[in-house]
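There's a structure below that I have some questions on.
Chain naming follows the written order as A, B, C and D, and within any one chain the residues start at number 1.
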Amino acid sequence: MAEIRSLHDAVADLVHEGDTVAMEGFTHLIPYAAAHEVIRQGITDLTLARMTPDVVYDQLIGAGLVRKLIFSWGGNPGVGSLHRFRDAVENGWPRPLELDEHSHAGMANRYVAGASRLPFAVLRGYRGSDLATRTDTVSSVVCPFTGEELAAVAALNPDVTVVHAQRADRQGNVQMWGLTGVQKEAALAADRVLVTVEEMVDELTPRPGGVVLPTWVIDAVCVVPGGAHPSYAAGYTVRDNAFYQAWDPIARDRDAFIQWIDENVRTEGAVAR
Amino acid sequence: MAEIRSLHDAVADLVHEGDTVAMEGFTHLIPYAAAHEVIRQGITDLTLARMTPDVVYDQLIGAGLVRKLIFSWGGNPGVGSLHRFRDAVENGWPRPLELDEHSHAGMANRYVAGASRLPFAVLRGYRGSDLATRTDTVSSVVCPFTGEELAAVAALNPDVTVVHAQRADRQGNVQMWGLTGVQKEAALAADRVLVTVEEMVDELTPRPGGVVLPTWVIDAVCVVPGGAHPSYAAGYTVRDNAFYQAWDPIARDRDAFIQWIDENVRTEGAVAR
Amino acid sequence: MTTEDFTRDELMEVNAARALAGARTCFVGIGLPSTAANLARATVNPGLVLIYESGTIGSKPTRLPLSIGDGELAETADAVVPVPEMFNYWLQGGRIDVGFLGAAQVDRFANINTTVVDRGPGKPEGRLPGAGGAPEIASNCGKVLMVLRHSTRGFVRKLDFVTTLGHGSGPGDRERLGMPGAGPVEVITDLGVLRPDPATAELVLSALHPGVTVEQVRDATGWDLRSADTVGVTEPPTAAELAALRALKSAGKEDR
Amino acid sequence: MTTEDFTRDELMEVNAARALAGARTCFVGIGLPSTAANLARATVNPGLVLIYESGTIGSKPTRLPLSIGDGELAETADAVVPVPEMFNYWLQGGRIDVGFLGAAQVDRFANINTTVVDRGPGKPEGRLPGAGGAPEIASNCGKVLMVLRHSTRGFVRKLDFVTTLGHGSGPGDRERLGMPGAGPVEVITDLGVLRPDPATAELVLSALHPGVTVEQVRDATGWDLRSADTVGVTEPPTAAELAALRALKSAGKEDR
């Protein structure tokens, strides 16, 4: 059963040094506030998983908290590179970053296997690609009916998954809608689940496209209005595209990055959360 | 792209003698009207697939059109046996019925593999069960990462899937809601898709729990109000539980069954459709 | 209250509901398990999350569903999910505390047959409905409860077909097969309650319903049923339990 | 209209949109492919179904999305599906006519690298964003279109890493690997259009944009680019195409 908690306490209890953490969200509903709380608490040696690591992972990587990234596409969508990610991979700054790199189809299926508590998933993928040469989480299986060889990807079961959603009821049932991406799978694949929400309501009235995560698969719900900014929560906030574009010059420069994090994240009550 | 057609023409064109046909629906949205059209047209030697064959398949089997059934639970839910199904299996009347029998988890995953155009799906299932001894569509695979042996089920790709839905727009996009069961998978696994709907509308406004099948994965849409009776279409009709209970004595008796089919299905414009 | 005030079926149903005290989530089979689970929500476990294989999570029906796909199950649910998701993410995902099953035939190790029965030489096998969700429910739920009427037709020495594994041929079989759940922990009948002996995994008589004798149960069991060290007597149904049960059933009859 | 009236990028974008004439469904990568696909909807193919890997089917945005997960993509879609479903049922399911990809590096067989680039001895590999959906888009869509600016950095003799297979090392490779789609059929750049030679699967110059010479294209290509038997010249953009393209781009800029 989910407890309704402060973000500080929920992060402190559920995210541990050395954990594999998935903070999912496909452009939409990215849990920035929770990630910033991780930075404030300095929880380190993390393995981060996500199909589309974007600016929020750039921040965690630049803050030196990440030792490994499991992913399939790392960029600032429509803007360019993730400079902190590149700096870590190319130059080991502020620390080396190990990679476990997949295609989207493979990552999505790794979460599906995780949520299904199967050790692997099968797809027709990675054919002719060098990707499989750089990871030990892609292999192959042979169909026992047709003899076809198919790709197998290892299940991905994070220690903790963090997602942002539109709302929760007082029992901790969570509802999200719009692009819900791979969030359900990431949550159900994890040992622990932390959800930040825009709003707490008395009753979760059904919504078109609504996905409900029952309270009994969640550990903590934190009410954090705007907790996805500069990402967005459909029906509550809009994507701050200007922020994503402004991030590029900040992230290009180590000092500018450090200053930004200090002023906007590490300072309690900072504007950019 | 779906054509909007009469039920007669759509069934005549899309359902062929000897086809594997899935008419899915988990209590809800069962395409009775389309099945009755198949009976009227006498399309025979069918292999029928469905997780929960109920009264509608009892009718098709009793009408002598079915040579094989692929299924996981065959009964009249809450009432009792499917007597025509039993008579066919036990006594070969009106013809022998071959069975390919699974668990629900296995059948659901056979459709998932079919919709995913994979030759098989993996599950932790059938363990300790005799089921696998009576089918050639259950096998096993070994996880290349952990060495665990898991069940493999062969993909199920019907020649044609028939489903009932609440509504369609004039382009043939189809929307259903409520218990949508395994209908999406059954439709996407099939070579051809026939959908009957309660209503045609100008625009498919989003609905909570709504599932949309785009027109370009459907071959024909037929407007057949009440086409799920005695099953139901949430928001349009209610389940005729009394019919399901009344079916039991009809189906117990071969003559009563034949008379019922003649009067209610084979007679054009019959009351029970 | 005396035994005249309730039926054997009501004893079975009330005790089946009681077995759900303390459970968080229950995967509910149709028929007697559904009666028990809904009665539990009305009595010992108002917060019990009912999960039906049609895809509903947290159904709160006000009357007994006739089928696992009745409209009210979806309308009152916390979430409705596609059937493949139900079996893969929720059941196989190990998220469900209790699986509640009925059965046509049960053997002494709580293995279940719902597929075919042998009707004797020269006669065709008798056809049952089939497996449904049971094999994976019994494998993946935290534990399994079973409810069925007591008779030598149902409680058999040897199953004609193993649809669903309970405890196999004894201790260790589930582990060997890699089945995560504890398997059947209780079989509730109209005569009493059987539980697996911890040492042998064999079902033994552990409680009688009021007014039932050990001999009656043994006569209705197809194997040489042993008794637990202590055979208790179940508490008679309370007035509240009976009222709730009868209200559920009469509400369910309106449109049948 | 003269060449002064439009840019090289606009030539690329307009011709990329034209390549979508007649397609029913397109799996759209972000960036140039998204510009092209949205322009196609505004010009040559109003009924084109846009599919984004974020899960939207039939998006009808009125401005260019910055990311594949912009809100308008979901709000205007015929259906929004979970990401695993998108990749398994829709892409792998073989339901999508055209995959439209960008690339960092392309070789003569239209293989793609979006993973790492070699920056020379003693220097660390340069990091690119990674595969995203491309390997399976290129494998499973009916055919693949590519759009990228022409330069020797992009059109290379040998890829530093094969992220996504195009035609491998020549005819037969896709078949041998069991890839259902036809693979890359056209690479549209700011200088012209390359297509695989049917006999060798090697990309050859098959059309120049107005005002571009064969030498210019060869100079911007890292391998010894051959020309098709006939090298055409693409039609200049029409006023309507340019107006639609510029309207899309300016609408997209409002909130950036």
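We take it that a residue touches a chain if its C-beta (ideal position, glycine included) is under 8 Å from a C-beta of that chain, and two chains touch if they have at least 3 such contacts.
If you want to know which protein each chain is, UniProt gives these names: A, B = 3-oxoadipate--succinyl-CoA transferase subunit A; C, D = 3-oxoadipate--succinyl-CoA transferase subunit B.
What you see is a predicted model; the values in this text were computed from it and never measured.
Asker: Indicate the lowest number of steps between subunit C and subunit D, counting one step per move to a touching chain.
Answerer: Minimum number of steps from subunit C to subunit D: 2.
Asker: Tell me which chains count as touching both subunit B and subunit D.
Answerer: Touching subunit B as well as subunit D, we find A.
Asker: Between subunit B and subunit C, tell me the centre distance in angstrom, where each centre is the average of that chain's C-alpha atoms.
Answerer: Distance between chain centres, rounded to whole Å: 28 Å.
Asker: How far is the middle of subunit A from the middle of subunit C, if each middle is the mean of its Cα atoms, in Å?
Answerer: Centre separation, subunit A to subunit C: 41 Å.
Asker: Could you list which residues of subunit A touch at least two other chains?
Answerer: 112, 116-118, 123-124, 148, 184-185, 209
Asker: Indicate the residues of subunit C shared as contacts by at least two other chains.
Answerer: Those would be 88, 92.
Asker: Check the chains against each other and report every pair that touches.
Answerer: A-B, A-C, A-D, B-C, B-D
Asker: Okay, in this complex, where on subunit D does subunit A touch?
Answerer: Going through subunit D, the ones touching subunit A are 30-31, 53-56, 65-71, 73-75, 80, 82-84, 86-88, 91-92, 111, 115, 124-127, 129-136, 139-140, 161-165, 168, 173-174, 177-179, 255-256.
Asker: Could you pull out which subunit B residues touch subunit D in their complex?
Answerer: So the residues of subunit B touching subunit D come out as 1, 112, 115-118, 173, 184-185, 188, 204, 211-212, 214, 216-217.
Asker: Could you pull out which subunit B residues touch subunit A in their complex?
Answerer: 116-124, 137, 139-146, 148, 150, 152, 154, 206-210
Asker: Would you tell me which residues of subunit B are touching subunit C in their complex?
Answerer: Spelled out, the residues of subunit B in touch with subunit C are 26-28, 51-52, 71-75, 77-79, 81-82, 85-86, 89-91, 101-105, 108-109, 111-112, 123-131, 148, 178-182, 184-185, 209, 232, 234, 238-239, 241-242, 244-245.
Asker: Give every residue of subunit C touching subunit A within the complex, in rising order.
Answerer: The contact residues of subunit C facing subunit A are 24-25, 49, 57-58, 78-79, 88-89, 92-95.
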